[in-house]
Every structure is written in C-alpha cells, then in structure tokens.
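Structure incoming, see below.
Order of writing sets the labels: A, B, C, D and E. Residues in every chain begin at 1.
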Amino acid sequence: MTTTTPPAPAPVKRSTLTKNQLPGWAMWAVLAGSLILGAALSSLIGFHIATWALFSALIYVAAGYFVTLSVEGARKAKDRFATNLVYAAFIVALLPLVSVIVTVLAKGIPGLTPHLLYYSMNGMTGTVDNETVANGTPVIGGVYHGIVGTLLITTWATIISVPIGLLTAVYLVEYSKGGTLARAITFFVDVMTGIPSIVAGLFAAAFFGLVFGPGTRTGFVAAVALSVLMIPVVVRSTEEMLKIVPNELREASYALGVRKWRTILKVVVPTAISGIASGVTLAIARVIGETAPLLVTAGFVNSINWNVFGGWMATLPTFIYRQLMNPTSPTNTDPSAQRAWAAALILIIFVMLLNLVARLIARIFAPKSGR
Amino acid sequence: SDNPTGSPEAAGGDAAVSGTLSGAGASSQDAAMQAWIAGFSAANSGANVQYSPDGSGAGRDAFLAGGVQFAGSDAFLDEEEWEQAKQICGPEGAMNIPVYVSPIAVAFNLEGVKELNLDAETIAKVFRGEITKWNDEAIASQNEGVTLPDTAITVVHRADESGTTENFTEYLHAAAAKVWTDEADGAWPGGLGGENAQGTSGVVSTTSSTNGAITYADASAVGDLGTVKVKVGEEYVAYTPEAAAKAVDAATPVEGRSETDMSLQLNRDTTESGAYPIVLVSYHIYCSSYKDQGTANLVKAFGNYVISEEGQNTAQESAGSAPISDTLREEAKAAIDSIKVAS
Amino acid sequence: MSKRIDVKDLNVYYGDFLAVEGVNINIDPKSVTAFIGPSGCGKSTFLRTLNRMHEVLPGARVKGEVLLDGEDLYGPGVDPVTVRSQIGMVFQRPNPFPTMSIRDNVLAGVKLNNKRISRSDADDLVEKSLTGANLWKEVKDRLDKPGSGLSGGQQQRLCIARAIAVAPQVILMDEPCSALDPISTLAIEDLIEELKNEYTVVIVTHNMQQAARVSDKTAFFNIAGTGKPGKLIEYSDTAVIFSNPREKATEDYVSGRFG
Amino acid sequence: MSKRIDVKDLNVYYGDFLAVEGVNINIDPKSVTAFIGPSGCGKSTFLRTLNRMHEVLPGARVKGEVLLDGEDLYGPGVDPVTVRSQIGMVFQRPNPFPTMSIRDNVLAGVKLNNKRISRSDADDLVEKSLTGANLWKEVKDRLDKPGSGLSGGQQQRLCIARAIAVAPQVILMDEPCSALDPISTLAIEDLIEELKNEYTVVIVTHNMQQAARVSDKTAFFNIAGTGKPGKLIEYSDTAVIFSNPREKATEDYVSGRFG
Amino acid sequence: MSNTLTEGGAKGRAGDKVFSNLTLLAGCLILLVLFAVAVFLLVQALPAFTADPAKVTGGEGFWSYIWPILIGTLVAAGIALLIATPIGIGVALFISHFAPRRLAQSLGYVVDLLAAIPSVVYGAWGVAVLAPALVPVYEWLAANAGWIPIFAGPASQTGKTMLTAGIVLSVMILPIITSLSREIFLQTPKLHEEAALAMGATRWEMIRMAVFPFARAGVVSAVMLGLGRALGETMAVALVLSGGILTASLIQSGNQTIAAEIALNFPEAFGLRLAELIAAGLVLFVITLAVNMIARWIISRHKEFSGAN
C-alpha cells in the first residue's frame, strides 16, 4: 500500500494534492523530540530505560496526533493516531515475548544437551545431583520420558478433539438452522471455554475411575481430559472461519450438482483452511503446556512409557512443574532448575514446529491470492 | 534410554517380588521417595514402584478409593478415614508408618545475619504480623551482640495447603498458645497478612529474593538463608537431624488405634534438652492385608526397604531428612511384617 | 439430450415476502429462452427456482410445480442434487473457486463429485470447455494459476466453462455476458447457439439485442411497484415480443432505445 | 469544479507482470471519456491507476505520470487519500457495505469528511443521490434495511449513488451499467450526461452503443496476446472512432455488430 | 415411466446423510460430554451447598467463602481482557493491514509463539522476572496514586500482586485473541476494503468501515475464548499471585482466583473441602456461561447485517 513519500523538498507551488501535507521528515523530527523529552521526563523520576521508552512512546503518539491535527486535519490525525497505536500494540506485545524467550533461552540452553534428550530420569536421586554439584560434573538425567508422554498424549488429544471439533463446527454453521440443539451445543461449548483445566482432569479421572476401576491413570485418560479443553477452542475458531466463507462459493458448487457434504469438504473447508489450521494449532498449544489435569490423570513417573493405554506417564509440563516445585535434590536445586528450563525450551520448540506445519498445510490449500 | 545414571542392571535380586506398586500422596517425601524407588528397583529388577506426589489429601483419597496400594501422607488417617479404610483393607484397617522425618526450619533473609535465637512466642508474633521490624525489642533482647537493622519484616507463608504449614502451626499453637490462637491447620489462617508462594521452593525463592523476609520450610531446602534457633526449655536449639529425631522419639503414640498402627502425637512444647520440636513426620499408609500374595510381598519388601538403615540413609543423603531411630525402626518392621493376604 | 420445462402457478417467496407470483411458462427443449424485464422484477429469483438453487437461501421457498419432462422438480423424493446436476447454472457475479487453479475450476463439477477421469480426458475436457467459453487462448499457458487472478470478464467465462464442462441437459444463465466484451459476448452467443442443438438454454439478459439475436422465445417480467411481487407479463416467440407484443408494458419496455 | 487528467508514459505492473504499457492520454475536464476494448486488455487496471486504487493490491505499482490539473498524482508528498476523495470510483462488481443500511451506504463517503451533517441535509442528500442513480423509488421505504438485500442491479445503483454523493471532481466508472436493465441504464446515462456539466467522467464499457451515446471521446485499448501488455491503440473523438477510425484494429473492433 | 429425478440419487444421498449425521453425532457427543461434566460437578459439589455452614472453610457457609475469590477471579480476568483485547486487536491489525506483507507472515508466527509457552513457564517467568521488575512501579504508584483505592499502598515487596497476575494472564491470552482476529481480518472481502478506500477513506477509516463490521462477531468470539482461558488458568496464577483475602488494592498481595484456589488446595483436600473446591469450579462454570451469553447477545443483535455474502 505504499509506493510514495520519500522525504521531499517542500513543494514549490501550492498544490491541492500536497497542500496540508506534512513533509516526510516531520515524523522523524517528532520522534527525535519525543525521545529527548522522554529522556528528560524520565530522569525527573530517576532515569530508567523502561520509563524512557514509555514516556517517549506516549509523547510520540500524542505529539504525532497533534502535529498531524494542526497541519493535515482531524481525519489524518486520527489515522496517524490509530497507526501509531497499532504499531505500539505490536511492540508492547513483543516485550513480554522477548522477555520470556530470553529467560527461557538463557536458563534453558545450558541444559539442552543430547544427554537430556536421550535419557529419562529413571533411578535419579538427590544424591546424584548433590554429587554433580559437588564435583562440578555435567547434570545427568533427562526428559526423554516427558517428550514421549507429551507427544503421545497430545497426539491422542488431537486425534480425539479435532475431528469432533471440526464436525461440530460444520454442524453448527452448515447444517443446523439455529435450532434448539444448535443453541444447546453453542451454549455448552461456551461454558467449556472457561472450565478450569484441573476440573477437566478431575472429570476425566472420575469418569475412567467409574468405568475401569478407581485409580485408572493412563496417558489416554489424560488425552481425554485435554480434549475437553481443546474441543471448545477448535469448535469456536473453526465456526468463525467457516462463517466467513462467502455463500456464492457454496452456491457455485451446488449449481454444479455437487452434494452438500462434498461442497463442505472440498470448497468450504479448503477456503477456510488457513484459519482452521491456526485454530487447531492454538488449541494444541493451549493444552500441550497443561500441568494440573495431567497430574491427576496420567500420574507422574521417571521412566519411559510408550503405552498410552497402560501405566503412568510423564509429560514435559509435569516434568517442568515437578522439577521446579519438588527438585530432585531439595538441597541442590540448580540441576533440577536447569532440566526444567531446558524442558520448557523443548516444549516451545515443539509448538514452533507445529505452527510451521500448520502454516504449511494452510499454504497448500489456502485461497490463492489475486483480485 | 531409561538408565541415565549408568548404574549396572539389577542382578535379579529377590525373585519373590515382582509387579508394579503404585502410591500417591505427600510431596514432602517426594525426593526421598525417588531415592527409595531407585534403591529398591536396583535390588529388585522385577519390581516397579511408582509414586505420584499429588499431595497428602489426594494420596489418602486415592488410597481410600482403592486407586493406589499405599499412600504417603504428612498426616496420619483421622478417625473417619480410619474407619473408611476398613472397606478396602479388611477388618484390621490400615496402618500409618512414620518413614520420613524432617525438621522445619524457620528461615529468614536479613543481610549480615545468619542465625537468630527466638522463642516460640516471638516467632508466633512475627508470623502474626504483631512484630513488624527486625530490630524490635522482643527480638533484640534474645540476640545480644547481633546488629539488627530497622528493616520491615515480610512474612512469607505457603499459598497451598501443606503438611509443613500444619506442623508449623501445630507447634505455634502448642508452644505459644496465648499468641497463636488458631488451631493447627494445613492452610495458613486467612486474614493474616503477609506474602505467600506455592510450594517449598516457592517460599524459599521468594524469601531469598526479598530482603527482610522470613518463612518456614523443610530444612533441607533452605540453602543459605539464615535460620532460627528455637528456644526449648532454657536453651536455643538449632535444627539438626539428631535434634529432630529426638523430638520424634519423645512423641506419644495416638490412642485407640490398632496394634500395628504407629500414628504419633508430637509433643511440641517439649522441654527436653536438645530436641527440635518443629518437625514434620510423614507417613506411609499401608493396608494390613492385601488381596493377593504378590502385592502383599511387594508392599512388605518395599516397606522394609524404606525403613531399613540403608533406605533411611539414602533418603538422608538425597533429600536431607532425618533417619528414624532404631526403636522406631523395630516397631515399624514388626508392623510391616504383619501385612498379610486377605483370606 | 435435452428436456422441456413446464412451470405451473409458481409463487416464489423470501420468507414471507412474495417475490414472484403466479408464473406459468412452458419452455421447449432444444430452444433458447430469454428472460427480460426491469431490475428487481424477479428474473434471477425465478431462474433459481428452475434448478432448486432458490431454496439454499435461508427462509426461501416456492409454491407450485416445475416439471422437467413431466416430472415435478419439487415432488416428493426428488433430490435437489440430481436436479442441479441435470440443470446447470451460471451466475450473475463470477464466482470461481479461490482455492483452485484455472484447470481445477473447470474440472470442479467432475472432480468435486469424485468422478474418475483420466488425465488425458481431463485435458481434453478442459480445452474443450475453455474453448467453448472463448477463454482457452488467454489462459492456456497458465492453467495452474489461481482462477481469482483473472480479469472480471475472464472470470465470468471461466464460470461458463465450468458449467458446460459437466454437460447438463438444461443450462440456466443469469446475465452471463454482462461483464463481457463484444468479442467474448459473440463467442458466448455462438456457444449458446451451439448448445441449443443439444440442450435447453434459458438466459436472463438486460440486452434486448442479445435477446433478439439468440433466443427463440422471450419472457417479459415486470413489477408493479416496490414490495409488490414480480409477474410474468408476456411470453411468446421472440419475434412477436420485439415486433408485435400483446401487452402495452412489453412494448414500452422493448421499444426503449437501449441495450 | 472539474479537472483535466494528463497521463504520460504510464506503465502499470502487477508485480513483475507488465499489464498496461506506455499510455499517453489527455482527458478534458467537463467531458465524458469512454474506454473500450476486449476483455483483459487492461481497461480496469488503467482506470484504477487514475485514482491510485491500483496500488492497494499487493505488489501492484506504476511507472510514469498522471497529472491532475498539472499535479502529478504519483508525485512525492501526495497522499493517495486526498487523491481518492477527489476522484471517485464505481466498481465493476457492486460492493455496498453489507453491515450498513441503504441510507448509511449512501452517506458513507460523506460522513468521512463531514461528520456533523444535519439530519435534514443528510436526508436531502440521500434522496438526491438515490434519485440520481434511479433507485430512490425502489428503496425509499426501506432505507434502514441492509444494502446487501438488494438485487444485483439495485446494489450497483446504490454504489453509484454512494459515489456521486461525495461530489468528486472526477468520476471513474468501471462498467457501471453491465448489471443494469435498460431503464436503469437510461437513468445512469442521463446521470452521466448531467454529471458532465460539472465533473470529468471516465467510463469503461463493453457496450459500443453506450460509448457512442454518452461519450465525447473514446479510447480503444487492445492486447496483442496473452502475457503481452495492453496498449492504448487509438484515442479520439467518439464520432471519429466509430465512423472513421485511424487504426484497422479499432475498426474491426467497433464494427462488430455487438453491444 | 421411471422418474430420473428420484432414481439413482440414493447412493449419492447416502454420503450426505452419513456426513450430516456424523456432524450431528459430533455435536451430540460434545453435548453429552459437557452434560457429564456438569453432572459430575453438581454431584461432587453438592455437599458444599448442603453442609453445616460452620464446617465450610471460613466458617460462614459456602457463599461467603466463594464470593471474595469469585470477585478476585473476575478482577484478574478483567485486567487481562482490558490489556489483551486492545493490544491483541492492534497486533492482529498490524499483521493483517499495517505490516509489510512479507514481514507480516513471520510476525504473526512470532506472536503465535506466545501460545507455545507452557503456563508453568509463564508462572515461573512472572515470579522471577516480571514481579520484581514491577516492584518499583508499584511503589511509585502507591506513593503518587495511592489515593485511588486500587493503587493503595503499601506496595508489595515481592510484586506478586493481582495486577501482576492480570498482566501475566493478558500475555497468555494475547495469542488467542490475536491469531483468531488476524485470520478474520485477513478474510475481509477486498471488494469492501476497496469500496472504502475508493471514496477517500484513510486506512483507519477503511478499517472501521469495512474490516471491523465484517469481523465483529469473530473478534468477540476470540475475546471470549481468551476470557475463558483467563478465567480458567490455574498454574500461572497459583505461582504468580501471593493470594489472600479480598483487597481493593491491586498492588498489594491479597485476592485469589477460583482456579488458583482449586489448584493450590486440591492436593491436600478431602471430604468436604474437596466438595467446596469443586463447587468453586461449578461457580466458574456459571460465570463463564453468563459472560458468553452476554457476548452472544451482543453479536446476535446485529445479525441482520452479517458479514458473509
């Protein structure tokens, strides 16, 4: 949307197209002024880089508005103001992200070793960590079991909830005509979004306890608990994306004598796939980091378990949680902290990869650009 | 791989025990439990023990529902639970075996001060927020020669319900009843101010990062925080494993339980010399009888390993707990050996 | 193979709003019929009832009979999908599938129905349909590009190609040439001429000359005023409608000097 | 007040694809200019460069100059927003705002610059604009209904009403009548005739008769083949183009019996 | 004569039937599960409502136990929404309409990363990084804006306050709001955007005219999903907030949320206490419901002018 406005010499003749236009350098000047004024203001209350940035930003946004207002008029001023706010919002959103990522990287990278990836915590005791600290040797004990658990449980949760969620969204958008059932489903899905994760865990545990006897804790129970958390996110995001597919595409397909279900699968869903993929990724990201419901459904172990239908299972978040809250050695907590942060880093990398895959899927099916 | 420590594969061990034993409960004994499990599995290749540190209450719940074969708990089964246990454990019910003893340190973060002497009443006043400055007369008078700054005291307590809190408040209520009027409880009394944090590691790290903060926590976790010597009788006692074990020895068994039960009533206002009364005793709860021989054998073998000298020493090494005394051990061994198969 | 359409006392509703009232019309097989009339009189609405596309709009419904070779489209047990695969449609606004390439758009009717078609047959079909719609030369080198990157007129021709690729028995066209240049229009008209040999064709047009040129019969719709239903005023041989209409309204309309 | 447009050596690109090449044209104020040419030759593309709408497409750019009364639209420091508020546009496909009522659609552009328009002034403006677009009678009773419930032709006329409501100095229309019936077309052509007294009007049309009827000058665009850029072949008085064109291509095109 | 319109369709129709029934089944399954969850909660929570008020935590019955933490929950979620909604929409707009196109894709990706971070890590980060960083801010607020009840001093020395928890929550829900809104903004019909631009709208006016009306329902949904997360988040709040009794000041320790209360007390809970906690979960359920119903109502009021078509 931009091809113009390099810094220009002031127009020679009065032009109706460029009159009341701020020259290109104006905003840079305002920025410089804001930075100086911000520095001055912040040194009044004790200079700090954060307050400096904050004051400068506030002054810039305000000054940008008023300068534009005085020269270019209210509409342009509003546009400038909104633009600045949008940019500011983005920068503000980046701050915590950068901070969290830096924290995780700084604390996680030292622990991210092949050993960590290849070994479980089986047989690890505080004594080992005490020795490690005393001798200054590399930390041993890893998260292999947690990686296995996270992958298996999340995969199963996805297998359960994505089809159900997608189909339900399709029902709501394409089939239901706003009837009682549809409203009931919408109603319950809404309620679901606010369910505390631990309650989902307790429910799944209680349900499997009823059916398979008390104390049934397996990866699958955890997957069911996570599905309860995932489904509403899948349903609602998919629902929104399906709703904005233009009706004329559906009509074009119907008019070719294509059945409704094929139309949905081959025209409607592919058109909305990018948003749906985003929603599903979001749903997975939402649950892949859950702790509370996993402890009550999958239990917690230090050894590797590949069987989701039998035996307890550890996952990366429960591993992180336990290592932080109950370090392997209470007296020397550093090795545990190191393992925990490294595990957090691994988890983040997983979700990154997942995001990439989702984007790839979206790119393959998504509407091609063009007018 | 499942062998990060590179320990040699267990060489068979006791062929009689095999199978999986599940337990759940107190997180306080989690570190010790990992040591016990490691040691026990190394000796018994066919046996597998798993423990989920969900919390004492959750552990007892799971045990009473038959979800796990044993529970770890910072509190022994109360009357009601005791009766309930008979449904799954048979007419003789369950047994509480003290397996993990750990002193609770009163730890603080005050620049230049590593140790302070305090009596129960002062501690209670500090934690109630009635003493707000470190140089308060009540503290200064017990610590001559220590330069106390004019720093505000920030009390840090547990946010979650916990056995540590329950034992600590039980001590305060018993030893400073006039100041600490609240009954002992796993939850910190609502209405008292102060900061809180989740878990032992939470209170310790909050205290470490806040100048003038004071907290109570499992002694093994307090690191290089300053600690309080507690007034017992006429002397000030530092927390040590021995001092803690002494306090446990001075405890009285709970009345009206079965022969094999070892629930202990700690004597918090003891004046016995050298005893450190702020102790956490954590139990294993076993059934007096199990449905099948395999499980019974496994429980017995594991229980015996836990209370054995080797087991207690491993726990001390890796979790910093205090080994139980020989008298307690013998009593416990008798109880565990009595576990049988339901007829 | 082509079929005749007989409409009896058809009323068309949007919810409670009666958009078209009391239409009786008999459309011969192997003929071209043109619908003309002022904007908003219900031509599109009526056209959509002929292949049961009307009912996909929420609340939209019809009363009356539409007989395809004597069988009522709205009879019990009739599957609208079968109806639509026999009666194709081209819309007023071009609507290519944005997720598909040009080639896939042409093949949409085949592929979406999961019919198996060999690669070479498909190629032939694509070429034949695009040639028929006078688009082949312009797009033959970019068949794999998205259909939405075409100009408005190109998109419309793509939609026509898509509709004829499934070889329906009746083809309904809602102002198919309104976005087209004269050359393409000529091509489409030639195509209609050709289609007529095998199919029944119905077209809506605002272009009197076009109606006069391509159609055998013409139906004039009119509307009495806003909120009133549209009605079929006169239906007759095209020559009659344009030279010697029975109704005054028809004469007024077709004698306009426009188109 | 109306302005002249002078285009000098304009090349128009979509990314790397040169869609229109080397256009030089001078459009007089208070005149109607028609662009004609086969589909895909770049009429719409070129038209969109005249009010800097072209550049809103990703990757789209131009080279050359477009002078509005001597000032380059693409000169440094020129704000496209200012350009567009002086040069209005009606698109090939009707695009009323679906969430706005008919009334609000008409007032959308006006409210941008003049928030505080009085209720009665607004009412007058709505009536005047809708009447100008020949839509007033059909919608006067449902001004508060959404614009998307109208028929295709009605929607297009709504868009025309919206464009003239802001009284721009130049009005660009991309096939404004392609979806309209003869009566509305007549109304729009009358409107163009009227607008010409005050504004500069540029219209793209496929309808030769229309071009002949309403325009003072006509520009014929053509394209040598797919992938080649479109070019301005001939630009002259309408009478000349239709009766005595200089170029063979123009003659071939306008002598088609279509429209 | 055989009827070509009714014959032969059976096979094809079966596909439609199967598929539509499948979608219906999925919907019903969700209903069933949720119904089961509701029943589970009700049954388990019942003792808390019927118990002798003196035995309930706090000693004055369930309602006086629950209302302070209910308010705490709403305050925490409120802060989170207040911060995350404008920023989330801003970021989404930035990516869809402001950032250079090539950059936008990767930027969206970057913000989505926020969703990848497990809540434990947010909690740990909140405690270790954010809370200490906010202590001076809180002190400044207490000194200079202390007359506003929500900023009343003395400021917390650890920074583990309601405001900090709200900020952490807002960071957690930001990607939910952003990524959904972004996808919807991107789908705004070009036709309508161009319609606005062509009549001389500035970019912001175009967004208000064409983008926002089109996206309204979707954005509300996104915000509701974010709200759900904020209401139900356990671990992060449990770690970050130094909870306590209900206090007006947001920069002191104090206040608690339902989800954190459950997470913190569940491990040691049994009997009546367990019932109380689950009843607390039930209350959260009802709150979510109420908020969502209001949101749906807002959307449906403008149904007539919907974006599709």
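For this structure, a couple of remarks:
What we mean here is this: contacts are C-beta pairs under 8 Å (C-beta built on N, C-alpha and C of every residue); 3 or more make two chains touch, one makes a residue touch a chain.
Because the structure is a prediction, the values reported are computed rather than measured.
C-beta contact counts were set side by side for A-D and D-E; D-E has more.
Ranked by separation of Cα centres from chain C, the top chain is B.
Put simply, the C-alpha centre of chain D and that of chain E have 47 angstrom between them.
If you average the CA atoms of chain A and of chain B, the two centres end up 39 Å from each other.
Among the residues of chain A, those in touch with two or more other chains are 1, 75-76, 79, 246, 248, 259-260, 262, 324, 369, 371.
Contacts with at least two other chains are made by residues 81-82, 86, 93, 150 of chain C.
Among all residues of chain E, those that touch two or more other chains are 12-13, 16, 128, 189, 202, 205, 214, 266, 307, 309. Those residues of chain A lying in contact with chain B across their complex are 115, 118-130, 140-142, 144-145, 209, 213-217, 295-296, 299-304, 311-312, 322, 324-331, 333. Taken together, the chain D residues at the contact with chain A in this complex read 55-58, 61-62, 68-69, 71, 73-83, 86, 112-113.
Chain A contributes residues 177, 246, 248-260, 262-263, 266-267, 270-271, 273, 365-371 to its touches with chain C in the complex. On the side of chain A, the complex with chain D involves touching residues 1-6, 8, 11, 15-18, 21, 23-24, 75-76, 79, 369, 371. Interface of chain E with chain A (complex): residues 12-13, 15-16, 18-20, 22-31, 33-38, 40-41, 44, 86-91, 93-95, 98-99, 105, 107, 109-122, 124-125, 128-130, 133, 136, 140, 171, 174-176, 178-180, 182-184, 186-187, 189-190, 202-205, 207, 214, 217-218, 221-222, 224-225, 227-229, 231-235, 258-259, 262-263, 266, 278, 281, 284-285, 287-289, 291-293, 296, 307-309.
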